[in-house]
Every structure is written in C-alpha cells, then in structure tokens.
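There are two complexes below, and they share subunit A, which is joined by subunit B in the first and by subunit C in the second.
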Partner chain A sequence: MSYQQTMFDKIWEMHLIKKLEDQNDLIAIDRIFIHDVCGAFVFKMLDEAKTVVADNTRIYATPDHTPATVMGRTGETSKTGKRIMPIFTEGCKKYKIRLFDLDDPRQGIVHIVCPEIGLSLPGMTIACGDSHTCTHGALGTLSIGLGTTQLYHAMTTSCIIAKKPKTMRIRLEGKRRPEISAMDIILFVLSKLGIEVAVGYAVEFSGSVVREMSMEDRFTLCNFSVEMGAEYGLISPDEKTIDYIQGREFAPQGEDMDKLIAHCHEIASDKYSVYDKDIVIDITNIERQISWGINTGQVIGISGTIPDAKDQKSDKDKDSFLEACSYMDLKPGQNIRRLKVDHVFIGSCANGRLSNLVTAADAIKGRKVARGVKAVVVPGSMLIKQAAETMGLDKIFSNAGFIWGMPGCSYCTCSNDEHVASGSRCVSTTNRNFIGRQGVNVRTHLASPLTAVLTALSGSIE
Partner chain B sequence: MKKWIELKSIAVPWTMPNVDTGSIITMERLLLNPDNLDKYAFEPFRYIDGDGDKGELNMEFPLNKPQFRGAKIMIVGENFGCGSSRESAPEAISKMNFRCLIGNSFGSIFEKNCYQKGILPIKLHLDMIKRLSELANNLGKFTVDLKKSIIITPDNQVIDFHIDKIQQKYLIEGKDIIDETLSHIESIEHYIKNDRINRPWIYSTK
Partner chain C sequence: MELIRGKVLVSLGDHIDTDLISPGKFLTSYEPEYLGSICLCEYAPDFREKVRAGGLLIAGKNFGCGSSRETAPIALQAAGVRAVIAEEFARIFYRNAINVGLPCIECPDTLKSISVGDEVEVDLAKGIVVNITKSMHIVGEPASEKLIEILEGGGLMANLKSRLLSTR
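Showing the complex of A and B:
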C-alpha cells in the first residue's frame, strides 16, 4: 500500500515554503478575504507601516459586520458603519483590492460569498481576519482565522508562520431523521465532545452522514470547528465538492478546471490515513438540538431538561454550569420546551444559506409569528436574497410577520447597532451563545432554522 | 510593541472557564471606543449591569479588588480567550497593564494574538494553576523570566514553562515577526514561481 496521508497533511506540505526553527513552518497563503471590521483595522496598520500588499489580485473584500440590515440601508445607517465603512472602502481603493460593496449584487457575509462565487476552491490555503474562516474548509481548503497583526503579515508577505496542528477525524455515522439539520448534528457533536476537544487540532469531518450531506450543510458543519477549539475544520473533496465549484463566477474554466478537478482527487484524504485522534459519533435517532447555556457545548435535545450540577464531569464544568444557570435564568430539571422567547433570528454564516431559508419558509404553513415576538430573517448574501425572492420566500416570511433583511452578520455579531433588547430571550441560528453576545444580558439559545421558525410561531421554544 | 525580559508582580486570580474574547472586549466598544479599551475591558463582568458607561464597579470581580491593584499577571481559567479572532482583546488586556496570563489552555487565535500585543500566555497544568491561584490570593510576588522561561513563585519554587523560540525572540526584542518572514523572501518568490506552473488557477482569477 502506498503512503497514506490525510488531506490536511497533503495541503500543508504543498504550501510549505520553508521549515523554520522550533517546528514553525512558513506557509504560503493563496487567498485572503477581508470584511469591513478586520479590513478597517488592517488598513490602519498598513497605513502606519507605509507598506504595500504583496499581491492584491489574490485579496477580496466584502462588508458584512457593520452595515445595517434594514431595507434601504447605506454603509452609514449604523453608528459603527459610519465609523468603519469609510475606512474600509477607502482602504480597498488605496490598496487596489477587489471589493464587493453594498451596491454589488454579490455582497454578503464573507464566509458565504467567497465559496458562493467560486473564490474559495479545494486545495487552497485561505486567511481571513475572522474566526469563522474555518467555514471554507467544507470545500477541502485549509482556512484560518487571524488577528489583525497576522492578517497584516499575510497581506504583506502572502504567507504566515504557523505550527502544524495535530489531526483529528470526526466520523459521523448513522441515519438522520428527516427533520434533523446540519445544525442539530453539530450541536449534538458539541454536546458530546465539549468546546475544547479540538484545541491544537485540525478537524476533518467524514463518515456516511457527511458524504450524504449537501455542500450547504457541510459549510454549517465546518463553521462550528472553531467552537470546538480547532483552528481548521475541513471535509475531503468528493463529487459533491466538484459539482459545487463548477460554473461559479470566479472558478476556473476549461483546462484549468480540469486540472483543478484532478487536483481535488489528489488532495483527498487517503482511505487508510491515520489521525492523531479518531472519533466516531452515531447520530441515528437524535432529536432536534438546542443550547441552553453560555457556551456551545451546553446543548440538549428539544424534549430535554436542564441538566443537574451533579452530572457535571469536572470542577470547570460545574463552575460553567452554575454561571450558565444564573445567566440564562434556568433551573436544573426545567423543560427547555415552552420557555417563552422575545426574539428569533434566522441567518448568519452558520445558517444563512438558501436551503436554510427554504426549510424555514416551508415550516410556516400559513401561520403567523406569535404576538410579542420579534422575528428576523437575514439572508447570507445578495445572491441568496435574490434567489429567495425569486422563489417568493420573502413574501412567505413577511406575510407571517417576519422581518426580511439585507445581507450581513446582523444579530449574530451585533456590530451594526442591531441588538436583541436587554434581558430578553432569543432563539438564534447563529454560532455563539456567549454572555452578552447578542446584547446586554441577552439569553441566547442556538438552534436550527426549523426550531427557530417553530419557536417564532408559538412564542416559546418549540 | 512593548518589549520585556523580566516581570515582578503580584498576580490576580480569575479562573472562570471559557471566557470568550467578546467578553474581554465587546464588538461595540472596540469599534466605537477604540481609545478606551482599558476602561471597557471585561465590561460584562467588571461593571454592575455590565455597563461601563454607568461605571459602577462590581466589587466581586477579582480585577476590581483593591488588593490586586497594579497586578501585571493574571491567572486565568481554562479555554481563556475562546471565540472571536479580535486582536482588540489582548490589546485591552495590555492596556490594563497586564503582561502575562497564566492558564491551562487558551483559545488558539487569542493565544497567537497575545504575542502581537506584548503579552506572554503561559500554559501550565491544572494542579499548578490551582496552587498558583492560592499563592496569588496571599498577595505574594511572582517573577516571570522570559529569557530563562521560568516562573519563580512567592515561595521560591522555580517552574519551567514552554515558549515558542521565535515568539520568545520577538517578544524580547519587541520587534515585529514580519522581519523573520521577509528574511526568507527568496524562498517565497521561488515557491510562487513554481506554484504558478503547478496551480495556474490560483493566479488567473479575472
């Protein structure tokens, strides 16, 4: 048998420029994506250093964090946008970076836009100043989130200095029930493995469940890699990956596409490759999942109850558990179902894709959002918004009492003056339920688009 | 970046697990109050009602306790700095005059960002964290020696810690790691020249 290698090891080796001291590697970066917030910060650094970017033809930008998502918005509708957007757009102009601005039909959340228009491609190394850059790994890329200084480093040198992480495989097996989404599956995985399981690892998702998943669902899965502590999350490219990339605006064509397809087969994980850690999770018969606490590992089934302090494995879990009960205003043994909510949000780089919106709209079935609930749907990109409107989804949402928004991060990062009202309870299809994430004392419950819609319609968790 | 070689200070223990970078500095503050990150650092914990503008300190929060004033070392809980990649998080900690975090594990992006802001993140075993927290509560002085990569505890025990050699060099010199990369510019150019032939689609986007 020939030498068996994981996809991660192959892509890493292909991008290794030089080995440096103390096991650091100089790794080539193929593409850099920037959004308004990391862009504004990195442009300031570039300005101060009076330096140039190494290759502006491999850097792309779109605003998503600070623009308001209300209809008729401009970059300056929000206070934060007013401050950040001019620095961002000026920087893109100054450093000649291709920008999909608010008036561009491709604008949207950077982790949705770049795969969608064919800028993220299998085998690439991708850097972005955002922790959810791991999302692009669903296409078989090594994609890493960086802070401002490291992003500045990547922009000025087209490479990063990094230590190779260990590899972990999470094989998802079993048969999923029809109502179970990728969001339910990844929340279930987090509830089983915890939020630190992958610190120091690159995580590859595989198994029959992943093979059967659509590309859109695979993005949701990889989006959460960082929530388990991983720097990289990835899925080995297969026929679905190859189908997905073809015909996208910036994807190669003709002979170059043929070469890329051959490359996909080349970089795929070998059948017998060995991982530093190998985990199998059976998702047969799992029910819909929802977070009850203040981190993404504090998750239960929709028919479940808040766990008990004595069931916590370690001191750390116990501390976190007590803090969670207090912040979320919940008691052990309490049902999660029927808990009254004030706000529902559907969108984000986790669950703002077309199939998520279709699932959500299908669940409405002519009903209305419950009184007293503010329910908002924000498509992940302009292309998704347009496709959804062509299908009439916006009407279905509006008629039911949902607010239909313009693409952006919106109530996930709450960096555009859109906060959930202080002290309220919110069911959200996003990826973080940390203290204060959606607003002061806001209690966030992460769940799938289906659970979010059912909750909005009934006024309590459903 | 502030360079440093040795640090002598009391340490403040705050070992809540899973403190995320968004609680270290909220998105709104880093965007609207970038010049006052020290004031708004740890806002949800540090102030009553989580509101730094009202400014009423939560005296239960260890960083607010008078006996720990002036501490340059913080002993932190597991998975400290998980979540968002915002570099404003270590920046806010640096602006509060901390230079060293001692914990069992850190969010991986945060850990790298710390070095960019002159903060040394030290990883030790949980038992050791517990012991150091007790010593810190007794207000003993710790010494952190970056060159020798050791901590000297108030009761004179010497503890080794691991630090990446490149990070150590650049922290001591207070320099930007970019100089290291640019010293390999020929290798980088050589790589790109070959890669253009092997993977033309990377370089041919319209």
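Showing the complex of A and C:
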C-alpha cells in the first residue's frame, strides 16, 4: 500500500515554503478575501506602514458586516457603516483590490460569495480576516481566519506563518430523517463533543452522511468548525464538489477545469490515512436540534427539556451551567417547546443559502407570522436574493409577514446597528449564541431554517 | 518581559468569547484607548475599574473563542491587563495576542491554584507561574525565545519596525 495521507497534510505540504523555528511553517496563500471590518482595519495598517500588497490579483473584497440590510440601503445607512465603509472602499481603490461593492450583483457575505462565484477552489489555501473562513473548507480548501496583523502579513507577503495543527476526523454515519438539516446535524455534533474538542486541530468531516449531503449543506457543516475550536474544517472533494464548481464565473474552464478535477482526486484524503483523533457519530433518528444556553454546545432535541445542574461533571461546569440558565431565563426540566419568542432571524454564512430559503419558504404553507413576532429573512448574497426572487420566495415570505432584506451579516454580528430588542428571545439560524451577541440581554436559540419558520408562525419554539 | 510580576485583578470562567471582550457593535475604531473603554463593558461593567491600575487576568478553558477580531487582545491590554493566564486559549486569539504584544500563558489548573488578589510571577521562558501569596507554583507551556522577543518588542509589527530600522 502506498503512503497514506490526509487531505489536510497534502494541501499543507503543497504550500509549505519553509520550516521556521518554534515549529512554525511558512505557508503560501493562494487567495485572500476581505470584508468591510477586517478590510478597514488592515488598510489602516497598510497606510501607516506605507507599504504595498504583494499581489493584488489574489485578493477579493465584499462588504457584509456593517451595511444595513433594509431595501434602498447605502454603505452609510448604518452608523458603523458610516465610519467603516468609506475607509474600506477607499482602501480597495488605493490598493487596487477587486471589490464586489453594494451595487454589484455579486455582493454578499464573503463566505457565501467566494465559493458561489468560483473563487474558492479545491486544494487552495485561503485566508480571510474572519473566523468563519473555515466555511470554504467544504470545497476541500485549507482556509483560515486571521486577525488584522496576520491578515496584513498575508496581504503584504502572500504567505502566513502558522503552526501545523493536529488532524481530527469526524465521521457522520447513519440514516438522516428527511426533516433533519445540516444545521441540526452540526448542533447535535456540538452537543455530543463540546465546544473545545477541536482546539489545536484541523477537522475533516466525512462518512456516508457527508457524502450524501449537498454542497450547500456541507458549507453549513464546515462553518461550525471554529465553534468546536478548530481553525480549519474540511471535506474531501468528490463529484458533488466538482459539479458545484463547474460553470461558476471565476471557475477554471476547459483544460484548466480538467486539471482541477485531476487535482481534486490527488488531494482527497487517502482511504487509510491516519488521524490524531478519529470520532464516529451516528445521526440515525436524531430529531431537530436547538440551543438552549450561551454556547454552541448547549443543545437539546426539540422535544427535550433543559438539563439539570446535577448532571454537570465539575463544579466549574455547574457554574457555567447556572450562568446559562440565569441568562436564558430557563429552569432545569423545562420544555424548550412552546417557549414564547419575540424575534426570528433566517440568514448568515451558516444558513443564508438558496436551499435554506427554499426549505423555509416551503414550510410556510400559506400561514402568517404570529402576532408580536418580528421575523426577518436575509439572503446571503445578491445572487441568492436574485434567484430567490425569480422563484417568488420573497413574495411568499412577505405575504406571510416576514421582512425580506438585502444581503449581509445582519442580525448575526449586529455590527450594522441591527440588533434584537434588549431582553428579547430570538430563534436564529446563525452560528453564535454568545451572551449579548444579538443585543443586550438577548436570549438566542440557534436552530435550523425549518425550526425558525415553524417558530415564527406559532410565536413560540416549535 | 521574561518575568511578569503583578497582582491578579480579575478571574473569568471558561469559554470567554471575543464578542464579550470587544462587542461587535462597537467595532468602529481601532484606537487602543477607545477599545480599552469598551472592553467587557456589557459582561463585566466593573472590569475596567478593576484592571485600571495594571495587573493580571486569569481564566478557564477556551479563552478568546469565537470571532477572529484582533480588537479583543488590544482591548484587554489597553484596559490594563499585563498578561493573561488561562487553562486554554482559542488558537486565533492566542496568535492575535502575541502579535499585539499581550503575553499569554497556558496553565492547566489556573482557576484551582490562583485567586483574585494573589501576587504572582510569570516566567514565560520556563512556563512557570509562581503564586507568591500561596507559596506554590504551577507549570504551564513555556514560550520560546523568539516568542518572548516578539512580546518584548511590543508585538509583531513594532518588532519588525525596530528590526528594520536597526538594519538600515
């Protein structure tokens, strides 16, 4: 048997320029993506250092964090946008970076836009100043989220200094029930493994459940890698990956595409490759999942009840458990179902893709959003918005009482003045239920687009 | 820099995320002074007051999880935190902290062995935290010479700047 290697190791080696001291490696970066917030900060750094970018042809930008999502918005509709957007757009001009601005038909959330227009390709190393860069790994890329200094380093040298992480494989097996989405599956995984299981690891998702998943579902899965502590999340490319890429605007064509297909086979993890940690999770018969607490591991099934403090392992776990109960205003033993909500949000780099919106719209079946609930749907990109409107989804949502928005991060990061009213309870298809993330004292429950719609229609968790 | 001596001023639990440290809605400026003023402002409104004099912060597992915003370590530093001792750091936060010159040391059992008010001495090179008040020490991850050099120079950028200037 030939030498067996994981996809992560293969891509890392292909991009290794030099081994440095302290077990650090110098890694070549193929593409760099920037959004408005990390962009504005890094441009300031570039200005101060009076330096230039190494290769502007590998850098792409689109605003997503600070623009408002109301119809007729401009970059300056929000207060934060007013500060950030001019620095961002000026910087793109000054450093000659290709920008998909708010008036561009491709604008949207950077982690949705770059795969969707064929900029994220299998085998590439990708860097972006955002922790959810792991999302692109669904295409078989090695993609990492960076802070400003490292992003500056990447832009001025086209490489990064990084320690090679250990590898972990999470194999998802079993039979998926039809109403179970990728969001339910990843929330279930987090509830089983906890949110620090992958600190210091690169996670590869595999198994029959992943192989059967659509590309859009795979993005949702990889999006959560960072929520379990991993800097990288990956899925070996297969026929579905190749089908997804074919024909996209920036994807290779003709002979180049043939080369990419060959490259996909080359980089896929070898059958018998060994991982530092190997985990199998059976998802047979799991029900829809929802978070009840203040981190992404505090998750239960939709028919479940809030767990008991007695079941927590250590005193420290007990403390954080009690903090979660108190912040969320929940009691052990209480049903999660029928809990009254004030706000529902569907969108984000986790669940703002076309298939998510189709699932959500299909579940409406002529009903209306319950009185007193503010329900908002924000497509992940202009291309998704366009496609959804061609299908008439915007009408289905509007007729039911949902607000239909312009693409952006919106109620996920709340960096654009859009935040959930203080003290409210919100069901959200996003990826973080941290204290205060969606607004002051806002109680966030993470769930799938289907659960979000059913909740909006009934006015309580459903 | 190799030895950082000071009083532990604040203790935080597990999974303190960067949204708590530097909330998204305030991300309009990169000025340390401003970031220090918003540091943990909603989660622990008295934080600024407690660390103003300068001292150490202790925390549990997965410190700095979540968003990759580098404003988080800058905010802690500007608020008065001279070093963070935690049981475990989220990797992106750790890299950002070193790059901005905020010393971080990973020590299992931090919260069991150190309390607020303790006088401690952190030896980065040896990876040892001596708890002077309790007359005990805990062993953590040592930092390499290179890493200490970066921290001593005030972070990666400040370091490069002074190195480039000296070679000119």
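As a convention for this text, the second predicted complex is superposed on the first by the 461 of 462 C-alpha atoms of A that agree within 3 Å, B and C clash if a C-alpha of one lies under 4 Å from a C-alpha of the other, contacts with A are read in each partner's own complex, and residues count from 1 in each chain.
Everything that follows uses one rule, which is that a residue touches a chain if its C-beta (ideal position, glycine included) is under 8 Å from a C-beta of that chain, and two chains touch if they have at least 3 such contacts.
Everything numeric here is computed off the predicted structure, so don't read it as measured data.
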- Message: Once both complexes are superposed via subunit A, do subunit B and subunit C end up clashing or fitting?
- Response: clash
- The chain contacting more residues of subunit A, comparing subunit B with subunit C, is B
- Task: Kindly classify A:Leu260 by the partners it touches after superposition: subunit B alone (first), subunit C alone (second), both, or neither?
- Result: first
- Between subunit B (first) and subunit C (second), which does A:His136 come into contact with in this model arrangement: first, second, both, or neither? neither
- Which of subunit B and subunit C A:Ile195 touches, first, second, both or neither: both
- Which partner does A:Leu26 contact after superposing on A: first (subunit B), second (subunit C), both, neither? first
- Query: Is A:Arg169 in contact with subunit B, with subunit C, with both, or with neither (first, second, both, neither)?
  - Reply: neither
- Message: Once chain A of both complexes is superposed, is A:Lys18 in touch with subunit B (first), subunit C (second), both, or neither?
- Response: first
- Message: In the overlaid three-chain picture, which partner chain does A:Thr149 touch, first (subunit B) or second (subunit C), both, or neither?
- Response: both
- Message: Between subunit B and subunit C, whom does A:Asn295 touch in the aligned arrangement: first, second, both, or neither?
- Response: both
- Message: With the touch criterion stated at the top, can you tell me which subunit A residues are shared between the subunit B interface and the subunit C interface?
- Response: 21-22, 37-38, 41, 65, 79-80, 83-84, 129-131, 145-150, 152-153, 195-196, 199-200, 226, 229, 231, 295, 316, 319-320, 323, 413-415, 432, 434-437, 440
- Query: Contact residues on subunit A for subunit B in the complex?
  - Reply: 17-18, 20-22, 24, 26, 28, 30-31, 37-38, 41, 57-58, 65-66, 79-80, 83-84, 119, 121, 123-124, 129-131, 145-150, 152-153, 156-159, 161, 163, 195-196, 199-200, 226, 229-231, 250, 252, 256-257, 259-260, 263, 294-295, 316-317, 319-320, 323, 413-415, 432, 434-437, 440-441
- Note on the structure: Per the touch rule, the subunit B residues reaching subunit A in their complex are 15-18, 20, 22-23, 26-28, 31-32, 43-44, 49-51, 77-79, 82-87, 90, 105, 107-109, 112-113, 116, 164-166, 176-178, 180-182, 184, 187-188, 191-192, 195, 199-206
- Note on the structure: Residue set of subunit A touching subunit C in the complex reads 21-22, 37-38, 41, 44-45, 49, 65, 79-80, 83-84, 129-131, 145-150, 152-153, 165, 195-196, 199-200, 226, 229, 231, 295, 316, 319-320, 323, 413-415, 417, 419, 432, 434-437, 440
- Touching residues (chain side subunit C, partner subunit A) in the complex: 13-15, 17, 19-20, 23-25, 27-30, 42-43, 60-62, 65-71, 88, 90-92, 95-96, 99-100, 111, 144, 146-147, 155-157
